[in-house]
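Heads up: the structure comes next, in C-alpha cells.
Labels for the chains are A, B and C, by order of writing; each one numbers its residues from 1.
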Amino acid sequence: MLAFLVQRISQALLVMFVISVIAFAIQDGLGDPLQQMVGMSVSQQERDAIREELGLNDPLPVQYLRFAGNAIQGDLGDSYFYSKPTLDVILEHLPATLELVIGASLIIIVFSVPIGVYSAIRPQAWLSKFFMGVSTVGISIPVFLTAIVLIQLFSIGVTVDWFPSDTGWGQWLNGALSTDGGLPSYGRGEELTHLFGTWYSGFFSTGGLMHLILPAVSLASIMLPLFIRLIRAEMMEVLQSDYIRYARAKGLSAGRINFLHALKNTMLPVITVGGVQIGIMVAYTILTETVFQWPGVGLMFLEAITRSDIPLIVAYLMVVGLIFVITNTVVDLIYGLVNPTVKLTGKKA
Amino acid sequence: MTTATVSRWDRFRESFFWYSFKRDKIAILSTLVLLLMVLAAIFAPWLAPTDPYDLAQINIMNSELPPVGLDGADAAFPLGTDAQGRDLLSTILYGTRVSLLIGFGAVLLQGALGILFGLLAGYLGGKVDAVLMRIADVQLSFSTLMVAIIVGAVFKASFGNLMFGEIAIYMLIFIIGVAEWPQIARTVRASVLAEKKKEYVDAAKVMGFGTGRIMFRHILPNTLSPIFVIATVQIANAIISEAALSFLGLGMPETQPSLGSLIKSGFDYIQSGSWWITLIPGLVLVVLVLVINLLGDWLRDVMNPRLYKG
Amino acid sequence: MALLEVNDLDVRFAVRGGDLKALRGISFSLDKGERLGLVGESGAGKSVAAFSILNLIAKPGYIAGGQILFEGRDLAAMSERELRGIRGNRIAMIFQDPMMTLNPVLTIGTQMVEAIQAHRKISKKEARKIALDRLQKVQIPSPEKRLDQYPHELSGGMRQRVIIAIALLLDPEIIIADEPTTALDVTIQAEIMALLLDLCEQENVALMLITHDLGVVSQVTQRMLVMYSGRIIEQGPTREIINDAQHPYTQGLINALPQMGEPGERLFQIPGSMPSLKNVPTGCPFHPRCHFATEQCKQAMPEYVRSGNVNVACYEVANLIEQEKRMQEAES
C-alpha cells in the first residue's frame, strides 16, 4: 500500500513539475511584466534598473526556482486585468465551474448506468438499438452546437405553423412541435446563496437551478454517449465470462447476477476511464461556459486569452493541471481500494 | 499494367471487405454523403454562387435574409445570408472545404507522428517506450482538446490576432496534429507488440536486416488496418476540434471561415431570431462528422483490429 | 426410475448460414449415487452435454429436441424460474478453471452465502455456518479466514476446493463436474479428484464427470460414455469398457494411453482428427479414421448393439456379434 502510494504521488509530482516548467516557459516567453508596470515614457536606464530589481536578468533556472517557490506558497502573480492576485480571481470563478461539473456528472451517472446496463443485458431490444443510435449521433454533435440547439429550443422557443391551424390535428401537431422557451441561457442568475469564502451556490434556489439546467445538460450531452457505450461494452464482455455462467449455475436470480456480479466487475474499468474523462470535461467547460456566459474558470480563461492576461493564463494552467493530477491520482487510489485484485503495487494481479 | 489493375480490382470485388460493404446500407449511405460533401468542398469555387472572400460581391443590404421557404427570403440566397450579407450556401461550401482540409491535414500529421513514436515505443521497448507512453498518458489525461486549446492560446498570444489569422490553417493543422498523436501512437504500439512476437520478425532479424528496415518495411504494413480504422475516427475528431477552437476564437478568422467559425459568428444573432446563420452550418458539421464516425464504426467491425482499449 | 434420464437430446448452435449440430440425439441415464464418466476428445460435445442439462449452454447454443428427465420432470421444458430452483440446489456444477469460475470482486463468503440464500430462507449467520462446515469438509486450512478472502488470495487448488464446497452447500442429488482438474497443477490433480470422489461417496451424491482422461474415469466412475462428434458411440460399465472396448474409437483411445505400451515404444495414435461441426461426415462420423470402415459405414449411422453390458454403435461390432451368434447356433 505504502509503495503504491509513494509511486503514485511521486508520479503526480513529476507531472506537476513538467506543467510548472511549461507554465514558466509561457510566462517567460510571452509576458513582459515591465510593459504592464511602467509606461512608454520611462527611460532605458530606469527599465534596466527595474529589470535588475525584479530579478529578470537572473539565469533562467534561478528565475524558475523563484517562480516555483512562489507558486507553492500560492503566489501566482497578479492578473493584469483584475489587478489582484490571480489565485483570488480563479477562486472566485471556480465554484461556478464546479457546480456545472457536478450538475453534469449527476446527469451522466443517473442516465448512463441504467441505459448502459439495459442495452448490455438486452442488446437486441429495439430500445437498446435506439439508445445506441442516439449515442452515435450524440458523439458526433459538438458540445457547443448542442448548447446552441438547446438555447433555440428551450430558451428562445420555436413556433411551428407548418400544419393548418384551422383543423384540430393541425393545431395539435403545431402545438406538440412548438416549444415555449423561457429557460435562462445567460449566466447564473441573481438568486445565489453564499456558502463560504468565494462560494456562491445556485443549488439552493429555483432561479439558480433553472440557470444550471441548460449548461449542465449541454455539458452532459457530450460525455453521456461515451459513458453509455463504455458501460455497455464492458458489461457485455463481463456477461460472457465464466464466473457469470457459474453464478447462473448456482441458481442465483437474474437481478443478483446482473446487478451485483456483472455490474461490480463492469464499474471497475469504468471508474478508471471515468477519472480520465473528468479531465476532458474541464476542456468542455470552456466551450459550455462560453456559450452560456457562465462565470466560471473556463470563461475566465478564454477572456484572459483575448485580453492577453498572461499571469492569469499561467495561473489557470497551474490550477487546472493540479486538479487533473489530483483527480487522476485519487481515481487510481480509489481503483486500488475498490478492486481487490489490484494488490496496490500498481499492477493488476 | 492494365491486367494487373484488373486483377486487383477483381480481387477487391471478391473480398470480404467489398462483400460486407454491399450488405451494409448505413455504410453505403455514409460513403455517398461523405463523397458528395468532399466533392462539393473541392469544387466549391465553381459551385458556390458567390465568393465569400471577395468583399466586392457582398452587399450589407442583404444581411440576415432567411432561407428559401420562410417569409422575406430571396431566391438568390437559397440558404439565406449571414449578418454581413454573405450568401450562406457559398460560405458553407467554402467552410466545409476549410474544415475538411484541416481535418485531413491534422490526421496526416498525427499519423506521421503517431506511427513514428508508436513504432519506436513498441519495437524498441524499454526506456524509449516508458518515456513516450508516459507523455502520451499525461497528454491524454489532459484531453487532446485541452492541449489544443492551450497551445492555440499560447500561439495566439505570441503571434497576435492578425498574424494568427493569416496562418491559421497551418497553425490549426499543427495544433490538432500535435495534440492528438497519442491516440494513433498507442494503437500502433499495441499492434507492434503483437506483431513483434511473430516469426517473420525473427526471420528478418536473422537475415540481418536493420532495425529501421524491419520496423517500416516488415512490421508497419501489418499494422495498417488498425491505423486505418483509428485514422478515420480521428478525422471526425480533428474536424470537431477545429470547430471547437474556431468557436472559441482560437481558430479560423471570420474572413476565411471554417464551419466552426461560421457557427460562432452566427451564434451572436440567434437571440435576434436569425437561427439559420448558426444552425445550418451546424447541421452540415454534424452530418459530416456523423458519416465519418459511422464509416469508422463500420470499418472497425469489418477489419476487427486490435485497437488500444481504455 | 433413474434419477436423471436424458432421452434423444439434440443441441444446436444457431450460426450464420444454418445450425451446427453439437449433440445429435444422445441418451443416457444416471442413478442415485452413481458415478458416470463422459469421455471424448475436445469438441466431441462433452461439455455441451454437461451444460445443456441445466440449460446453461452459451449462446447461440440451444436445446433443439429431446428430454432431460430429473426425477421425472423434464428440465428441457422447464421455465427459467423453475430451473433456477434446481440449479445449484438439486444439481450442482463444478467448472473447469477455478481461476475463472469465482467472481474476482466478491469474497468467498459472499459467493457461498448467496448460493445458500438463493434457495433457502435462512439468515446470513446460519448460511455462513453452513459455508464454514463445507469448507471444513473439503479440508481447507483455516476455513474461517477464507470466508473473508477474495479468490485471488487463494491458490488454484484451494479455489477448486472452494468450488467443491460450494457444490456441496445444499446437499445436491447430482454434481456435474466439467474437467475439474485439467486447469490445476499435475501434482494436486489427484488430490482434488480423490477429495471429490470421497465426498460423493460419503454424501451419496451422483457424479457426472466430464474428462478426456481415461485413467481418471477408470479409477472414479462406475459407468462411462464415450462421445465422438456429438454422439455417444459406446456406453456401459467402466470396467468392461476399459478391459474390453468394443468400438474401434474407444479401442484407439485406450491404446493411446502411455501405460498400455511397452517402455520406449512409440505411443499409439489414432490417425487423423475429429471432424469439425461444420463438416460432419455422413454415416458413422468415425469412418474416415477407422481401419474397419466399409461402404455401409458411410451410408447411415449404425444402431446400438448390445455386447455384454455395453451398448455400442458400430457395424463392425454388430457383424462380429452376428457371426458369433451364427457360430453358436451352428454348434448347437
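Everything below uses one rule, namely that contacts are C-beta pairs under 8 Å (C-beta built on N, C-alpha and C of every residue); 3 or more make two chains touch, one makes a residue touch a chain.
Every value quoted in this text rests on a predicted model; they were computed, and no experiment measured them.
Enquirer: Listed by label, which chains are in contact with chain A and with chain B?
Expert: none
Enquirer: Which chain's centre, taken as the mean of its Cα atoms, is farthest from the centre of chain A?
Expert: The most remote chain is C.
Enquirer: Give, as an integer number of Å, the spacing between the C-alpha centres of chain B and chain A.
Expert: Centre separation, chain A to chain B: 24 Å.
Enquirer: In angstrom, rounded to a whole number, how far apart do the mean CA points of chain A and chain C lie?
Expert: 54
Enquirer: Residues of chain A touching 2+ other chains?
Expert: none
Enquirer: At which residue positions does chain B touch at least two other chains?
Expert: none
Enquirer: What positions in chain C touch 2 or more of the other chains?
Expert: Residues: none.
Enquirer: Using the touch definition from the top, list the residues of chain C that touch chain A in their complex.
Expert: It comes out as residues 54, 56, 58, 80, 84-89, 92-93, 95, 97, 100-106, 114-115, 118-119, 150, 152, 166.
Enquirer: Inside the complex, what are the residues of chain A that reach chain B?
Expert: Within the complex, chain A contacts chain B at residues 15, 18, 26, 29-30, 136-137, 139-145, 148-149, 151-152, 156, 269, 272-273, 276, 279-280, 282-284, 286-287, 290-291, 301-302, 305-306, 308, 310, 313, 317, 320-321, 324, 328.
Enquirer: State the interface residues of chain A toward chain C in the complex, per the touch definition above.
Expert: 240-243, 245-254, 256, 260-261, 264-265, 268, 339-341, 349
Enquirer: Under the stated contact criterion, what part of chain B meets chain A in this complex?
Expert: The touching residues are 138, 140-143, 145-146, 149-150, 153-154, 156-158, 236, 240, 243-244, 247-250, 260, 263, 267, 270-271, 273, 275, 278-279, 282, 285-286, 289-290, 293-294, 297, 310.
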